[in-house]
Amino acid sequence: MSGVAEDLATILSSGIRLTAPLVFAACGEYVAERAGTLNVSVEAMMLGAAFGAIAVAGLTGSATVGLLAGVLLGALVGAVHGALSHRWHVNTFVVGLVLNALVLGLTSYLVTVGELGRHQVAQVSVPVLRDLPVLGAPLFVERWPVYLLLALVPLTWWLVERSRWGLELRAAGENPEAADMTGIRVNLRRRQALLWCGALAGLGGAYLAVGEVGSFNQNMTAGRGYLVIAAVIFGGWRLGRTLAGCAVFGLADALRLALPALGYTVNSQLLVSAPYLLALLAMLLFTTRQRRPGALARPFRRTS
Amino acid sequence: MAPEPALRLRGITKRYGAVVACDRVDLTVERGEIHGLLGENGAGKSTLMRILLGLEARDSGTVERDGRAVTVAGPREAAALGIGMVHQHLSLVDPLTVWENVVLGSAGPVRRAAARAEVRAVAERYGLVIDPDARVGTLSAGERQRVELLKCLRRDPAVLIMDEPTSVLTAAESAELFTVLRRVVAAEHRAVVLISHKLTEITTATDRVTVMRAGRVVLRRATAATTEAELAREMVGREVTLGAAVGVLPNATAPAASAASAEALRLAGLTVRPGLDDLSLTVRSGEIVGLYGAEGNGQKTLGDVLSGLTVPDAGTVEVAGAPVDLRRPGALSAAGLGIVPEDRHHAGVVLDLSVAENLVLTRLGDVSGRVFVDRRRLRRRVRALVDEYGITAASLDAPLRSLSGGNQQRVVLARELSGRPRVLVAAQPSRGLDVGAVEDLYARLRRCADDGIAVLVISTEPAEILTLTTRLAVIFRGRIVGELPTARADPERLGLLVGGAA
Amino acid sequence: ACVSNDETAAPAPSAAPGGSTGTLLPGAPDVNGDGKVVIGVLSPGDINDNGYYESFVVKAEAFAQAQDWTVIKRGSVPVSEALTAARALCRQRADMVAIGASELKDAIPASEEAVCARTAWYVPSSANVPQTPRIMLSSDDPNQSMLVAGYAAGLLMRARNTTRAGFVTGPEADFTKIASTAFLAGIRELIPGATLVTTYTGDFDDSGKAREATQAQLSQGVGAIYPYLGGATDVATALANSAGAITLTPGTDRCASTSPTFDVSVLFDPGDYFAAALQLYAAGRLEMGITKTWQLGVDPYPTVKLCKGTPEQNADLAAFIADIGRGTIDPAAEVRRLGS
Amino acid sequence: MTRTGPWLSAAIVAAALVLSGLLIAVTGGSPAAALRALVEGSLGDAAAVSQTLLYAAPLMLVAVGTCCSARSGAFNIGQEGQVLIGALAGAAAGLRLAVPGPALALVVLFAAALAAGAWAWLSALMNRLRGVDIAVSTLLMTFLAQQVVAFAVTTPWLLQESRWGAAAALPQSNRLPAGALLGSLGDHPGPQLNLGLGVGLVAALLMAVALGRTRWGFRLTVAGLNPAAARHAGIPVTAVGGVALAVSGALAGMAGAVLLASPLSTNRLQPDISINIGWDGLLVALIARDRPLLTIPVAGLFAVLRAGGSFLAATGVPPYLVDVVKALLTLAFVAPAVLRRRPGAA
């Protein structure tokens, strides 16, 4: 029986590591979408941050500084996206896709120029708790940024649901015209939401690089940004379900990678496409119950 | 020394291109008074108030609060100056709760419990009962109006601006509201600007009144010293009988349709949830029927059904005796129903297409072969229409966007009539039109009726109904609550009917 | 209305003849006679992967630098653009077009075209590329090196008393399946009851996934991990190091590496084969139309070496390699016998 | 419209190029050499021009389709997936159907268009049934398409390459038979004009006529500009949008078939057969402001970058530079449109 417990612990801890970057980014994407931006540039935010984190860690010798640099780079991508789509009103999908292409090109270009090396932040293991059966190792032995989630997830929820900023943000995402009448600077809120999204997606990407993997390679996010978008859709624009979506995707991947070790084989194409299928199915099945922001992906300009 | 007025506007001017929405407007509102602001559609009332709130930048002029010149950069700054506004077009966010909407525009942290308690307290103080936790999207029009009021009153504005607050309220609700306002003004010494088209409301509820016409102030007087007749005259700019307040031909010349003429349009049991509730109505050839009611009672939904935008949950539409399959796009138009929609920009025209293209939008088949659009035929037809309806445009290929409102309206009318319909539905046809355009429009509608077209006019303006129609029906909460020949109607009677007191 | 796939299938491989039927290119190494020697290298993989693909380019560059030649290198060439990319090299007056791996074999038709008329071609193969007159094929048998890799892993596993091994690789493709099967056969030469867990992450370069696959195997108690990967190799190996598992290299000699560390260097380094060919080329003795088959146990490469082997282990391994070289052991038969 | 437009565009494009040049210089390369390589690789000689034209054809097809869907208001961003599905269907038809000679090439094109059109139309269907965002569903379906193709080329009973001997079969299909390939006038390295370019040009011309001159195009444009007015005018907006989306998908699918059957590729279905043509085609349409005829020069420009990119390696500049330049150029073209639209909107 201890075999089963160990297997569970293995899959669980692997799932958590695969989920964590998604959760960071999803907390950002969730905020951006609640404010009305269907942000496709998460991939760019994550990848840029992953590169920046390793590069800066190499320059400064500190993985933590690298992590911070990743956050800043992600926010920078968010700022550019915000300026283009909520100041100059370029189609937000186009901006997102172009930014993805730009960052992928840039990082691939730069990574050929110099050696980046390995940098990793410290691992924290919580005494006593780590010895719990099944859940001990997965939950209490992690690279320290993971524990940031304990604060960031509630903070994200609080910001959106309880703070004035979040209230205004939601108003901007639901009915920008009414929000504008009430004196809310709709496009400013949307740009701010993108900044937050960039910072968190950046944290996710940076964590992937200096937390989990310890190095950077070309296109290392490999579509995780799109997975995050799928998670928010899958979650029906609720934070809890979005994170559950991330967990499902992360665990599905963990399962896919662990099953051979446990003696099973599965069709990998089906498993790789599962998140996208699930997101589509969720949209097809639950549309009526979803809280899709009323003005999602609709630009706002004041006219009368 | 006399206290400074709560609000003083001097020489406010605002232009939109060639349109002067506000032309050197002066307005003074004292503390402790309800100030009526009156004017026909497009006179510039809302624009003036939007400027006051900082939603629109003025071209020139000054704003003083309590004698101090101020600049208002936006609603938030206005609120800080003690100016609050209840909007004509509601500024509520549906998926949010009542209390969230109420606290939306203010600053500082959101304290749930305190906010809800406060909403309750304010609601109680002004007699506006509402559940703070209800989602605004689930509320009725009247309740939404209450939320809108609460949102404004909560901030304790010294100057409260209300833009047509009663247009969606019943008579009883309106009366209640004015009681509240009276109390606010008398006990708390606030200033209220009340914008309304309803003369009775103005004469009963206000202390002083300002009348605007075409962007200018034309009358400023204590309410007690004026009469409804005078106000109407000033508003329109000529002597009017109250029965034809818009100032066009008196109704007498309209021929009464004989009961024998054919039923051209029959609506039976139309139901759309929410919006219409088992609505039935018949219009005969040669008749102009008015559908009258306060805004928000289902007119918009009816317009959408007759435009083919909404498929009703139940009920039928028959044109010339034949039922129309409403699920088929364009079926109504094909059956011979033309419509001038209420919101032309939304459903009537395509602003980015040319005048010519807009003129053939619904009758594309007439100017094209099986595959190709026949440009020559199109131009010929369009030129004829432009001449016939006197549409002024820089060129036929100019985008419709560049036309003035009146000309856009003419384009829609020309297009809808060019199909030689049996039925013409005109929703709020005079909205946004100047007097000359309205006169022209009414003459055209009359001519349509004379030609044997059945005309249905959907309107919130009693004057329009009384002037134009031969028979009228009153709509309340999505159903017809009364029908009578226009000759037997007067504003008081309409006022009663509109509140659902049939 | 369906016809069989076979109609369009590739012809059966021609047996690689000995050196005698090859043609020497006049003027080599400056085959096109423009006074410069330009070597064009195409690789389907990331040429900064610290491993297989990088090695090919690095060795070529090192050699070329010494000769004062120019190298044009292009990594991550999409396989569907192989032909286009090869033509571009010819048009840039390359004297030799070298292809980093057999995935790009569809570039070969360019060698028959007029643009590439005065160009030497170097193509690595594992018996899956047909010989044509205008290319030099460099072939090895993955069964050999992987069988021996398994044997070497088996030696170390036996010493540590472990019977489970892991194989982490990218896409689930034929060549990764073949490699894993041969690896298992090699282990079973020594540990008959040994088991091998093979995990396909889907991507040679996705470090995050490679790491998790490795972690899952380690938690299942595997004592040896073969990260048969590209850009993700180091991450997976580092993790295996931390768990004290035996590690092997996917193609290059990295015994000297300290972070991560490897216990076995499996050398089927395309760079080594290529360097040997370049040596001939520089001397004007590289023939087109022939296949150089690299024999384990005969040629210096491919081979397998233990980084910290005991003398007995080293001797054992050497004997096994020698047996293969002499033909006393038939790798293909061994793989069939033990690999499933 | 103001006169400053073209100048502003030129200035911003110049800025984008200068930025790219700086990137090269900072990383130790020579911008001049890179530029020379780009030009030489794309326009230097007959072979270079031929190569550029080869790339232009599928880009044009994708972009023309994008014009069609964008004009109808259906924002398709799943072209990359549709290209893949087109290539898959084309390969299946080319390898499995016993159609003689050049007719097979037509069958390949047709099958690709049909399959990708249907694939794209699924998004329209989801939109109609459950209001699923078209942009979102087309994007998500791109990732599904990638896995579908990966599955097809790794599964022996589907399209995986026939194995010979014990050697490994790669994840790809067999080569298409000669009859399934799109013929060319002239041959490498001389001037070569592939049939694919003809298909692309004809598509652009037809689409320009269809959108500008026909009833269908008029209705589609109205549906895109103002759905409410369109419905009022009797235009079945969702159906029109669905057709436009299907047409867009079909053209992207045809681009997939052109990639598969022209000298651009190795004439096999491979997981990376789409080589980002779908994403790039979307950008081409964007720069061309959804005007089919304008896609011709813009696709040409992108093709120049692609063809030239294969010469960059010789200068030591990583070919990823081309991606950076493309993204910067797109931003450069989009930005002035924004500035110009401003006064009109006030």
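Each chain gets a letter, A, B, C and D, in the order it is written, and its residues are counted from 1.
Please note the rule applied: a residue touches a chain if its C-beta (ideal position, glycine included) is under 8 Å from a C-beta of that chain, and two chains touch if they have at least 3 such contacts.
Chain labels with UniProt names: A, D = Simple sugar transport system permease protein; B = Simple sugar transport system ATP-binding protein.
Source: prediction; values computed, not measured.
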Fill in: Partner chains that subunit B and subunit D have in common
A
Item to complete: Sort out for me whether A-C or C-D is joined by the greater number of C-beta contact pairs.
Response: C-D
Worksheet item: So which chain is the furthest away from subunit B, centre to centre on CA atoms?
Response: C
Practice prompt. Can you check how far apart subunit A and subunit C are, centre to centre, with Cα atoms defining each centre and the answer in Å?
Written response: 37
Fill in: Inter-chain centre distance, subunit A versus subunit B - centres from mean C-alpha coordinates, in Å
46
Worksheet, complete the sentence: Distance in whole angstrom between the CA centres of subunit B and subunit C is 78
Worksheet entry | Shared-contact residues (touching 2 or more other chains) in subunit C | 172
Practice prompt. Would you please write down the residue numbers of subunit A that are in contact with two or more other chains?
Written response: 112, 272
Worksheet entry | For subunit B, residues contacting two or more additional chains | none
Worksheet entry | Inter-chain touch pairs (all) | A-B, A-C, A-D, B-D, C-D
Fill in: Complex contacts: residues of subunit A adjacent to subunit B
162-164, 167-168, 170-171, 174-175, 177-185, 291, 294, 304
Worksheet entry | Touch list for subunit B against partner subunit A, complex | 50, 55, 74-76, 78-79, 87, 89-96, 100, 103-105, 107-110, 112, 151
Fill in: subunit D-touching residues of subunit A, taken from the complex the two chains share
38, 40, 84, 88-91, 93-94, 97-99, 101-102, 104-106, 108-110, 112-113, 223, 226, 229-230, 233, 267, 269-270, 272-273, 276-277, 279-280, 283-284, 287, 296-297, 301, 303
Worksheet item: Contact residues on subunit C for subunit D in the complex?
Response: 1-3, 5-13, 72-74, 78-85, 87-88, 91-92, 102-103, 106-107, 113-115, 126-128, 142, 171-175, 177-178, 332
Item to complete: Using the touch definition up top, name the residues of subunit A that touch subunit C in the complex.
Response: 6-7, 9-11, 13-14, 17-18, 21, 111-112, 118, 208, 212-215, 217-220, 222, 253-254, 257-258, 260-263, 268, 272
